[in-house]
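A single structure is presented below for examination.
Chains here go by letter, A, B, C and D, matching the order in which they are written, and residues are numbered from 1 within each.
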Amino acid sequence: MTVPHSTPYSTPHSTRFPTGGTAETADSADSAGGTGGFGSAAEAAGRATAAILADFAGGGHRGVIVDSPPGAGKSTLVVTSTLELAGAGERLMIVAQTNEQVDDLADKIAMRNPALTVGRLHKDGFQVPERVVRHPGVTASKKIDDVASCAVVLATADKWAYVSGHTWKWAIIDEAYQMRSDKLLAIAALFEQALFVGDPGQLDPFSVVDTERWAGLAWDPMQSAVAVSARLNDLPVHRLPVSWRLPASAAPLISEAFYPFTPFRSGTAHGDRSLEFTAAGFPASWDGTLDEAAATGWALHELPSRHTIRTDADAVQACAALATRLLRRGPVAHDEHGSHVVDATRIAIGAAHNDQVAAIRAAGVPPGVTVDTANRLQGREYDVTIVLHPLSGRRDATAFHLESGRLCVLTSRHRHACVVVARAGIPELLDAHPSTGRVRLNVPVKFPDGWEANHAVLAHLAAHRVPG
Amino acid sequence: MNSPNHRLDALRGGVAPVDHNARTIAALAGNPGCDRRAVLDAAGIHKQSIAVHLGHPAPFGQSPFALDRARAFEELVKADGCAHLVRLLRETLGLSVPEVAYTDIADVGGNTAHQLRHTRTLAELRRAAEDGERSGTLFDHPLLKLPVAGHEVYLEPSVIAFQIRGRFHIVEIKSFAVIDGTADSGQVAAASRLSAVYVYALKALFRAEGIDPDRVSHEVVLVCPKDFANHPTATLLDVRQQLASLNRQLSRLTRIDRILDHLPPELTFSLEQSPAELARAIRTVEARYAPECLSACEMAYFCRADARVCGSVDVLGRATRDELGGLESIDAVLDLTAGDRLTSPEQAEIADQLRYVRAVYREHASAGAEAVA
Amino acid sequence: MVFIPLKLAGEAAAPLGAMVGTDPAEPHLLVVPQPRNRDLRFAFMSELAQIMLPYIEGFATAKETVSGRNERERYLDAPQVIVPGRRGVEFVRLLGRSTRFRRSDGPYPVDPSVPVLGQWLTFLYERGELAGSSALLAMTDALSLHWATGQSPMEDANLATLLAWISPPPGLTGQEAAAAAENPIDRPPAGPDTDPGFDAQVLQPAIRAYDASGSPALVRQALRTQLEPTWRLMWEAVDLMRALPEAASVAERWAIDRDQYTREVTRLAEGGPPRGRRDQAGPAAIRLWDMEGAQQSYDAQRAYDDPLVMTEHRAAGKAFTGEAVHVDADRKILLPGGKKPVPRPLVTVRTSDPVRLTPGKRVFSVHRRRQSGEIVEIDGDLIVVQLNDQLAKGAGVPTPGDAVCFTELDLGGRIRPGFPTGEETPWTHGGPPAAYVPTDEDAVEAWS
Amino acid sequence: MELDALEARITELRGEIRLAKAGGDDDAKVRRLRAELRTAERAWDDALDRGSEPDDAPPLLPIREQVHQALTLLGAPSASRVIVAVNDAFFAGRVAATQLTSLRRDEERSFRSSPYARPYYLCAALTAELLSPARGLLAISTWPVAVRIIGPLSPRTDFLTSAIRVAEHMTRLTGAGGSASSGAYRLLTRMARNIPGAVEGFGRADPARVVGAANAELVVHQENDRRDRHAAAERATTRLDEVTRLFGAGLRSASAS
């Protein structure tokens, strides 16, 4: 291998997971404050990547886990690791969870090294998009035998589950916290060593059936792929310490609310980024909200308190109207790479439920703006996001609504600003929430608690409230 | 203006308050949105007496078999100088062989007075915290104290506190079975909430004594019978979330004056009045009934009867209520569905949905065997 | 077979008594006069085995041959056990768990029928975990699928109040009847938990009388008062259920129950070992897959069979019903990579349903099961669907004016991926587990 | 049959009592029903007794003798549960735990009225700190005071000592050509499970191995325990009178309760 086995940054490992002391890859003097400039953040991130590669390729462990907070360069890490390994003449397989993720990775890998042979394995009937097949090195096929000889083979976990008769020494598993343990089991015979990359703060895998039967088992199929491997093996855990996506206005809140034991910081400082409107606003409420968001990175567009059905027409309307108005005001984003016009493709609206998404789309959203559920927004990035708060208009919070991963996904997709649309009264709803959840033996307690995370976010948003 | 404690005394009607215990403190988290319950709990009112007087007693009770079993199991675990417990702690937490010292604080020289026992508890724990393992490992029947809604409450855990490597743990002995490593998640949750109260009180005690409260572990040792036998087995329970929730509920109780300020000054829940008068008095404090109350709150049957009389959608359960988007009464739902009622603007959406469902159901009214409400 | 077990309060799975049988007029009453006595508990289990095993094993007679890809034999009928509620189902699991590892030799031997009964109770419970199986049913669940009441789901779990709502006695409303049925004295709990008041005031003295005299008569008498009312309610409910028309997919689902029953009969005949305490990694993954598959098929089948169930999906925007207003039956397109055009008819549907599906979404025809298509375009109340399969010789295409219904609900049936066997368990899942060796622990695991 | 009719009536009455109580009927009615229930229950007992001969158990040693025997074997202050278990395992005893509850009080009364009239008394163990009676433990008056002192380590050392004594007694029995009952093995195995290395798996405990394992742990605690006990015993001898030395001092004496 080209990477030396041991670097000064490799760290002692701990199997206490996920709450216990994960190995801090960046050196602590550097990651302590959020004020470090772009340069030192880049150095910290670079050291982290080097240490991960050393640990993984060094062969001392069958698996290496990389925890990546939102926008910390997870796919860059996957691409870099792939090129390193492939460059050393190794064959490897890459597993992602959705076709879109697989296509993104295939595209990026082929772009970085057009000479590399890349196999894109897919299910029967799937149309591999142009951006992937345009690369001469890429072969797309539904049959493993057509692509098995490629240096790199990519597919979704679902597709890999039906592959047999081939094995790889190396596997990279992307979005591994969203992959269920049983899916990993179906493919684990294909590889010898694995790099698990993912974001522990996002949504956990779920099932439509009652899975209490397996609660507490180390190999509970409902856990994530990371959780099962870490419980049954002594695997080093690395952490990417810098979020390149989240601005300085967002990283501290997201870190504290959703990653209480594993803080991270923004790669940019206050002032590195700004959002500017080229068209002047009116004192109407939409503009007030947008101005607050542009100025501070956050806005809570608060509607009068009321219990509503899920597809609350006022809230739905507000989401759509805010997106429309935002585009009309000609937003321009300035960041560390320069300036660009924020067009519709750089804006997303997120909600908790499918019916809310459908209602927002039906309310008239400018073409090109993404509207989707938290589940489908995982791993995506925009300049500005508009979020319909999962608890808006609810009388009682359910575990679904309180799930910290949902709110984390929704509030950590943006590079510049996030507008949260909600009815007033959520603090009271949280206050009245009964804490009578069931507890299962030998199931690691999940942190952060959804209640605490929701509370932290709301407390922060209170300072950015604009009555709607 | 009267002080809150004055007001609460008046509400009780001059009777002494019932003491909170770990169980009632743990139960605070059951339905914190309910003002009625918050006021009754803060005032230390015996809810079951009220419910009986109102003619809606809650059918709570424990079977003598369950009580016998619980007692017998606890005795077994503590028998022979806690021989079972010592074995379990050696197995699960690596307690070393010399650490077997056992101190019982159930009485002080035969005297069981709370103050005496509490003082002794303080002395023993302080000495153990300062001297380390040499001065004690297991402390049975410690008597803790916790301020709840302005009153000092003694907590009598039937549990043992013990220290290992300078950290203190609570041991909770429960007689529900752990079968193949799993147990009823409702009972485990109840045990977690209960032991969180003890952990909380122990931390408070340490803090008051100037000892680092982090020396009290958030990991509780839960001792239960294994499988279908009596053989005890131990599992570690992480109660951090329960501690956080408990902290919130206790601080809510001290904010009770927010509710009291809205109540008529002469209000009392004294049992001297007639059931009808008492019911009227109780109704001045709003309840937040949900069917889950039936298994948790002594007032639940009264609140349900009220909710039924009002035709409140609360009786249908939280999920149904949430889907009805803010409609409060079953009559309103039916009227909107039938289109017999003028729809206010905020009801427009739910009305549309209800009418759509009704129309589709109508399509199949002849075909379907089921009755359509 | 109706089975109403009772357990001793405070114990994990100490049976107290049961009423069991297949004839409403002939209930078998079994009691454990001193539930803390291990020998008496096993005597109870062996007595229960005398009643249940002939019933369960009695279906292993006439077989049919199922042809097809996987040719096999299958018994024409299979056992079905009904308990009052979900707690009863859970108790069946615990009874199975506490007896299937027992042995008729070694320390604390039991009657040979006891572990066999344990295996069967485990089988019934594990079948019952799969959606759509009727092998082990909770009566309250079965009733709640067909009737809605004016009380909360929590209260619907009480058989007495649920039935009171469904068929109140003359002169009472459902609500009044349900309130009356909450009285534990007239309507004792349907078990397995008994009323604490009954325990203290009736059962405890009766058990003491047994300890003093050795006569189980008082305990029998006491338990009879607790079980008989539920027995009557259970059969009342059975009659209500039998009066309902059978849904179209019932036969298909029951055939799966019969298949599994047939396999279990064979497995046990070959001396199959008792199921393990907890699933190992591979079996757990396989079971999760099967449970999710069964749930998916069952949800879809219910909606396909019952227009009222479909209504819920229509209201949620996951299905739509309407009239085929335009049909392009002869449309052919060239698939990417294909050589010659294939038929892909277009059906335009007019619907008043609030559709929330989007173009590109795969949908299935309810009237022509397993025919799939995809939504091509949505324009107001008009939806264009392209049909993708089951089109041989122009069949399977609706004609204008037909009522059609499309939904995203998939009947399922995907092939399960290969999961590793025990000895192939990969490192990610802890490697191969240690092989199970029966130990004396199984027998020593005392019931006390 | 008379019994059946009575049983039916008893069940019926119990139901009526519950109904009456739940329905809030007046106390008089409940009392009347209760009285009727008691009559029926007596009639049932009588009917049953007519059916079977009274159980003529052989005359037994007095309870205190049996307890003394068990304690002598155990060699340390013990809880009534353990005394009963030892009695069952070795002396085919018929002592029930409930019979022991008042024993200590009776002995104290006897001692107070005529001290040392008996060769031994069943007395209390004393807590090391306050020399008050230790809860639930019985001891023998003729033991050295230090043996009757319970310090922090004593519950464990006494448990280990008892296990050793039980095992040794079993070895004696087998050595003398007799054999220990299966009940004795069950008792020993139960104790051995909580002693590291005393028994493997779920098998029956071997007395010799139990002695070895228990001694191995005992030596760890013995010295500290002995020191605690002797210090307290010295205080007891100098400060307590003869009654409290046996039955404990404290803020509430046993006779006053």
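Keep in mind that, in the parts below, a residue touches a chain if its C-beta (ideal position, glycine included) is under 8 Å from a C-beta of that chain, and two chains touch if they have at least 3 such contacts.
From a predicted model like this one, the values you see are computed outputs, not experimental measurements.
With B-D and A-C as the two chain pairs, more C-beta contacts join A-C. Of all chains present, the one whose mean CA position sits nearest the global mean of protein CA atoms is B. Of all the chains, the one whose CA centre sits at the greatest distance from that of subunit A is D. Inter-chain spacing, taken between the CA centroids of subunit A and subunit C, is 38 Å. Separating the CA-averaged centres of subunit C and subunit D is a span of 50 Å.
Subunit C has its Cα centroid 34 Å from the Cα centroid of subunit B. Shared interface positions of subunit C, i.e. residues touching 2 or more other chains, are given as 197, 278, 444. Touching of two or more other chains is recorded for residues 217 of subunit A.
Taken together, the chains touch in the following pairs: A-B, A-C, B-C, B-D, C-D. Every residue of subunit C that touches subunit A in the complex is listed here, in rising order: 129, 131, 278-282, 284-285, 287-289, 291-292, 295-296, 316-317, 336, 356, 358, 417-420, 424-431. Residues of subunit C touching subunit B in their complex: 8-13, 35, 94, 97-98, 146-148, 150-155, 175, 184, 194, 196-197, 199-200, 203-204, 244-245, 277-278, 306-308, 311, 314-315, 353-354, 444-448. The residues of subunit D lying in touch with subunit C in their complex are 3-4, 7-8, 10-11, 14-15, 17-19, 22, 41, 44, 48, 52, 201-203.
Against subunit B, in their complex, subunit A makes its touches with residues 212, 215-217, 306-313, 393-396, 398, 431-442, 444-445, 447, 449, 451-452. On the side of subunit C, the complex with subunit D involves touching residues 183, 185, 197-198, 201-202, 205, 209, 213, 215, 217-218, 221-222, 225, 439-441, 444.
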